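Chain lettering (A, B, C, D and E) follows the sequence in which the chains are written, and residue indices restart at 1 in each chain.
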Amino acid sequence: MTNTNMARAQLEPGESAIIEFNDVNKWYGDFHVLKNINFSIKKGERIVVCGPSGSGKSTMTRCINRLEEHQKGSILVDGIEMNNNLKNIEAIRKDVGMVFQHFNLFPHLTILENLTLAPIWVRKMPKKEAEEMAMHYLERVKIANQALKYPGQLSGGQQQRVAIARGLCMQPRIMLFDEPTSALDPEMIKEVLDTMVQLAEEGMTMVCVTHEMGFAKTVADRVVFMDAGEIVEANEPHEFFDNPQHDRTQMFLSQILNH
Amino acid sequence: MAIEFKPSPSLPPPSTAVGPVAWVRQNLFSSPLNVFLTLFSIYIIYLLVPPIIEWGIINATWEGASKAECTAGGACWAFINVYFEQFMYGLYPSEETWRINLAVILIVLLIGMFAIKAINKLFLSLTILLVYPVVAYFLFAGGVFGLEVVETSRWGGLFLTVLLGVVGIAASFPLGALLALGRRSNMPVAKSVSLVFIETIRAVPLITILFMASVMIPLFLPEGLNFNKLLRVLIGITLFSSAYMAEVIRGGLQAIPKGQYEAADAMGLTYWQSMVLVILPQALKLVIPGIVNSFISLFKDTTLVYIVGMFDFLGRIQAANHDTNWLGTTVEGYAFAALVYWIFCFGMSRYSMALERKLDTGHKRN
Amino acid sequence: GTLDDVKAKGFVQCGVSQGVPGFSNADDKGNWTGIDVDACRAVAAAIFGDAQKVKFTPLSAKERFTALQSGEIDILSRNTTWTYTRDVSLGLDFTATNFYDGQGFMVRKDLGVESAMDLDGATVCTEQGTTTELNMADFFRKHNMSYVPVVVQKADEAVSAYDSGRCDVYTTDKSGLAAHRTKLKNPSNNIILPETISKEPLGPVVRHGDNQWKDLVTWVMYVQVNAEEMGITSKNVAKIKADAKDPGIRRLLGAEGNMGQDLGLNADWAYNVIAEVGNYGEEFERNLGKDTALNLPRAINNLWNNGGIMYAPPVR
Amino acid sequence: MSNIKNTPSNKSFLNDAGNRSLIFQIVLLAVVVFVGYYLFSNLQANLENRGISTGFSFLNEPAGFPILIHLVSYTESSTYGRAFLVALINTFVISLLGIILATIIGVVMGLARLSKNWLVARLATVYIETMRNIPLLLQMFFWYFAVLAALPVPRNSYEFADFLLNKRGIYSPNPIAQDGFGLVIVGFIVSIALAIGLIVWAKKRQTRTGLWFPAYWSSLGIILAVTFLFFAAAGFPLEFDLPQKSRFNVTGGMVLPPEFVAVLVALSTYTGAFIAEIVRAGILSVNWGQTEAARSLGLRDSMTQRLIVLPQALRVIIPPLTSQYLNLAKNSSLGAAIAYPELVAVIMGTTLNQTGQAIETIGLCMLVYGSLSLSISLFMNWYNKKMSLIER
Amino acid sequence: MTNTNMARAQLEPGESAIIEFNDVNKWYGDFHVLKNINFSIKKGERIVVCGPSGSGKSTMTRCINRLEEHQKGSILVDGIEMNNNLKNIEAIRKDVGMVFQHFNLFPHLTILENLTLAPIWVRKMPKKEAEEMAMHYLERVKIANQALKYPGQLSGGQQQRVAIARGLCMQPRIMLFDEPTSALDPEMIKEVLDTMVQLAEEGMTMVCVTHEMGFAKTVADRVVFMDAGEIVEANEPHEFFDNPQHDRTQMFLSQILNH
């Protein structure tokens, strides 16, 4: 399958991949949801994952910080192998921030508390320092003035930006986004995408499941297309959009671009 | 050219639609069946209400030293009057009852302090949950700071009823939370232990559990190791209500969206950190009305301790009914008990409904 | 053993009734009086020299044995009848008898009943979990009479049920009848029928298997009976202890020898019992006698040499 | 291939999630087993030290005490096992009757609370709020002691026809079958068969012609009429033993003792109030649109209720109703407090007292309540499954 | 008020209106919700009612089969006057079918049972015959293969078509539709509108509250526009859309046509 060559990062000599999937397989009961995923990302890369519903995009992303367990193959994040070892999992989760479709902010905590929770309890940071850092990231997502409100008092777009700031507060080396804009109104989508573009420009390693093709064209280093649990095609954006190899990809693109 | 549209003025409705006459017609006499029902209801009210008022208020006797002085033909409230202190405090020495009152005032003040913004809520909660019980215990039992020792066998009346209810709920809370977590856990042993405990307790009547607590616990302990009956009954009540509490809390846990668990995991929180910091605070808020309802049932159920020989509020009233001076005041005693229980339970149930409404709108899910 | 536990905790835990005047009854301040209460006080006096070192646990009839078996109480002194089954298979030991009683019937005068033999078809109230329940059954069965049993959980409620007219007859030990009659709306409208249908030796009970404790409780009772026989009362006991020449009395009151040793008590334990609680006769008169509402005659509870059957083994 | 940076320092047995949960579970199991063993060994030692007999052999010994209400034959010389059976039946009977009555009261009061008649709705609310907020035990005491005191002695019984009401209970004539009563039973069976036939026929006819026949009412009529015909043909082979006032009591007739009535009334009025709220909530949970749709199809209000609203409301009603039934069954144990001879009174009361075997008697009671609860909830789960809606 | 002339059906001599509103007024408490409605429909006419939210469209429609009571004026359906007389109400409801916005199918009955319920219980039709008829109408709405499923198992569009078939099963002379498509997804709207158009072509008398202006243009004989409890304007579709008389109507049309 020549067209999945691009699923592996093009590494300079001496450079090593920050995320590496080797022959990863996963089943839900009998259902084979990830099939032989081979895939790697190098530091600073920005990957967009797309594909039809149910194709396993979320599942693959969630394997990276072991919200899901895989059953075969190996996943290495920053050189650490994913297995049942709790220390490893902890170490990786510190390094990987995640932003969910439905934000999943903690409604009983203020914005500031949402952001400082993990730094204080996981990174054992002094409270003051954690708050300063939190305010820094809130400013970066342009929402510092809301710090003392509760999530329920913010709009969806604002909430998602808080969720991004919360991910950043762990000062992760990698950020995962699982359809971060699909629960939002069109005008809020823009707010959030702007924030993400800014992050991308700062050189953060990002894996982003999204169907915002504009975003993909602007910032992605590679676009990965999945279907039925497989990586069908992976390529640089202009190649991917202008010259899709696979008929499945062509069909998919024709649908979402016309929409 | 377009015609301008001006809405016609609204007219007042015809008298057949609004006003007291219409109201009576619609709500009381809208059909032959309703006419019958209305008349029937009026008849029932006529049968019940005037005699009760006559007996309970008009012909009642409020003061007196024995039943013989109740000659007006109505209720003999003098009985309640004379026995009031015993009904409230049991056989607690009357010169020491200030200690109970003080404890009540203290807790009211402490809870009232939640309204003050400047106070650290966590500190206050810890005071109420950890410090206050100790203070209250020594106030009640005595034996320190020159307070006279008061045997638990002298504790009784409404004091004991409230004590059993409050301690039962408060103590069953942590246990119930553990059981709920256990029942939702994916570890088969933890799950089945919690499940068996919860379902066994819920299958049997409280009275068998009280009976076990009052007579059987000592059989299971090594000889010589034994503790106070009140404590044993409290253990029984706590175990009982913790099973129900576990189910209430489980309901709350189930209502928390899966995303919250995932977000906590993704941040690298450990199981216990995510439970204590993220899940339980949300779940508990959701289950407060359920807890208040459990408290109401428990409060009513504490009357059963009477069957195992403790003189709670109802027990004291039953006992006083046998006072030779006051024979024949059974109905007054029961009426008084019913009124007190009713005020407590009804008040709390309204409170829980109000709370439910408040939390319903206040807790936006996302 | 129990004695060590009692000494360690500093008081005797005594199971009593929930209110039978003359036997064990609390006033509205929670002070207990009665002949069963005095039995416990006497034990406390023997152990601690202080009759007040007792705590009381009021028990219903059906709770009482379990409470004793489980160790919740040290002595059960709750007008409990000594029977074969209870002694042999319930894990109980009966000590001495402090009241010889027998079961009887109480009816309302206006029924015109003169004898228990007229009770065919009556409704009978009694308390649950007592020998009374069984005796009643035996009595009616023996005389081939029918009856309707109403077995109520607590004595007080059984009396209420009788008083409210649920039953024609209330049955329990005769002393209990006398006691409960004082609690009726109109005591004089009720009569106690002449028949006694059972033997009811009542006395303190302890757990099976602790012989030292059983001996102690037994002999505290016997000492009181012996004291009455010897004419020692709480009033004159101090004087007698000082003056007595009789070696038997001197031994008894601890003026010489150390009779308490084998019981694990001080030498003056018997002295303390008599001084603090009195002899048996005093106890009886104080709680049940002529000057009380119960107004019971001594009858068979008199000393053996006064026409009764109170006969205590000698203290030697 | 990139270099795999293994981190051996983290590879410890304890850090493995699977191992951790395994260890935790082993520890938990050990604690449970140990506590169980500790309690059990204490128990054994205590029983031995105190000479308390153990085992269930007492069930074969004569009980010696009387029981007021027994639906199977029981005398003082019956065994404890028999007494247990009697008590068990008493518990079952009071629970079953209580459930039936409470359901009726609950449905009536729940509907009354929803009534368009303001006064009726208010009265129902007062009833519900009063009953729910007063402890059941207190209500039992009230129905027993306070009402008992207000009733007349047998001599002055209230009389209605051949029925008597007094402190000793409610008396009614006791039917006694004479020779030839078998014919009446035959007649009854025949009438049932006829009624079933009628219902089947009515259904068939409806399918064929569309005409409705009031089959249920007419079959009731048929049962009554046919049975009566056979009854007359056999020469009225039934005599009534009428209650007679005698010296103490009332003799003859059938009697419902006050203990039974008080427990039944207290249980059913108390639980009925809870059921009323459940019924109300269930009916309100059915979308108003359903009623409108039914009406716009021309269904009459009674049909709308029967065919549309109630079947849907039941879905919501049944789970909480189940727990109320369970509560009622458990609460029947309070009858012990007012001399109703149910399980707790007979087994944990008298039997425990005569035999002293706390473990066995309390164990028996818990077993019975456990299986009672289990069977009610199994039945309800089955019913619930049957009623639940089929969704996508 | 010349522009509401068209609110009354143009009757041929000797013909009589099947629905007639004469000075109908209705209040909810103090709120005057229908004001002096004068309006009639002749047999076979197809009326579309539109107007802003809260203007009383539903209320007026629901007065026709007395789901609502009016307090003043008279409503005649098929010559029978609406009043408290239960016999009249029953008779009218047999003649009037209704389709609701939220379908209101009976979820505890199968599709077939939903359809045969009223024929069996109200029309006293033999069960077999009722089922045959039901199948006939199910075929007409192209859904006969779902007859034994439960409503919960069907899509919204299918449910609404069942609801229409249920209304038809009473063989009514008039069908009322209250925003039958507004709870549906765009593709399902088409399914349902197709069915309605087909009905209209068969000559069924219809009163339809809807904002599907395409539908109105295609099938309506008259369009009635309501606001604030009044009939503001009633006219034939081409007149109504091309040449609205009232400024209120113009404003309303400009809004929904731009949408």
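Operating definition for what follows: a contact is a pair of C-beta atoms (placed from the backbone, for glycine too) under 8 Å apart; a residue touches a chain by one contact, two chains touch by 3 or more.
The UniProt protein names, listed by chain, are A, E = Amino acid ABC transporter ATP-binding protein; B, D = Amino acid ABC transporter permease.
The structure displayed is predicted, hence computed values, not measured ones.
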* Neighbouring chains shared between chain C and chain E, ordered by label -> B, D
* Structure fact -> Under the touch definition above, the chains in contact with both chain B and chain E are D
* Computing the C-alpha centre of each chain, which chain sits at the greatest distance from chain C? -> E
* Structure fact -> Comparing C-D with A-B, the busier interface by C-beta pairs is C-D
* Chain centroid nearest the full-protein CA centroid -> B
* **Separation of mean Cα positions, chain C and chain A [Å, integer]** => 84
* In whole angstrom, what separates the CA-based centres of chain D and chain E? -> 50
* What is the distance in Å between the mean C-alpha positions of chain A and chain D? -> 58
* Asked: When the C-alpha atoms of chain B and chain C are each averaged to a single point, how far apart are the two points in Å?
  -> 41
* **Set of chain D residues in contact with two or more other chains** => 46-47, 49, 145, 149, 336-337, 348, 358
* Touching two or more other chains - residue numbers and ranges from chain E -> none
* Two or more partner chains touched - positions in chain C -> 66, 69-70, 153, 157, 160
* Using the touch rule from the top of the page, what pairs of chains touch, sorted by label? -> A-B, A-D, B-C, B-D, B-E, C-D, D-E
* Can you name the residues of chain B that touch chain D in the complex? -> 26-28, 30, 34, 37-38, 41-42, 44-45, 187-190, 193, 200, 202-208, 211-212, 215-216, 218-223, 296, 300-301, 303-304, 306-307, 314, 318, 328, 330-331, 334, 337-338, 341-342, 344-346, 349
* Which positions of chain D touch chain C when the two form their complex? -> 46-47, 49-53, 64-68, 76-77, 145, 148-149, 151, 153, 167-168, 246-249, 251, 257-259, 336-339, 341, 345, 348-350, 352-356, 358
* Asked: Tell me, which parts of chain A touch chain D in their complex?
  -> 11, 16-17, 20, 40, 76, 78-81, 83-89, 91
* Asked: In their shared complex, at which residues does chain C touch chain D?
  -> 61-62, 65-66, 69-70, 85-86, 89-92, 111, 119, 121-123, 128-130, 133-134, 136-138, 141, 147-153, 157, 160-161, 164-166, 168, 207-209
* For chain A, which residues are in contact with chain B within the complex? -> 65, 67, 90, 93-94, 96-98, 100, 102-108, 117-118, 121-122, 151-152, 159, 166, 170
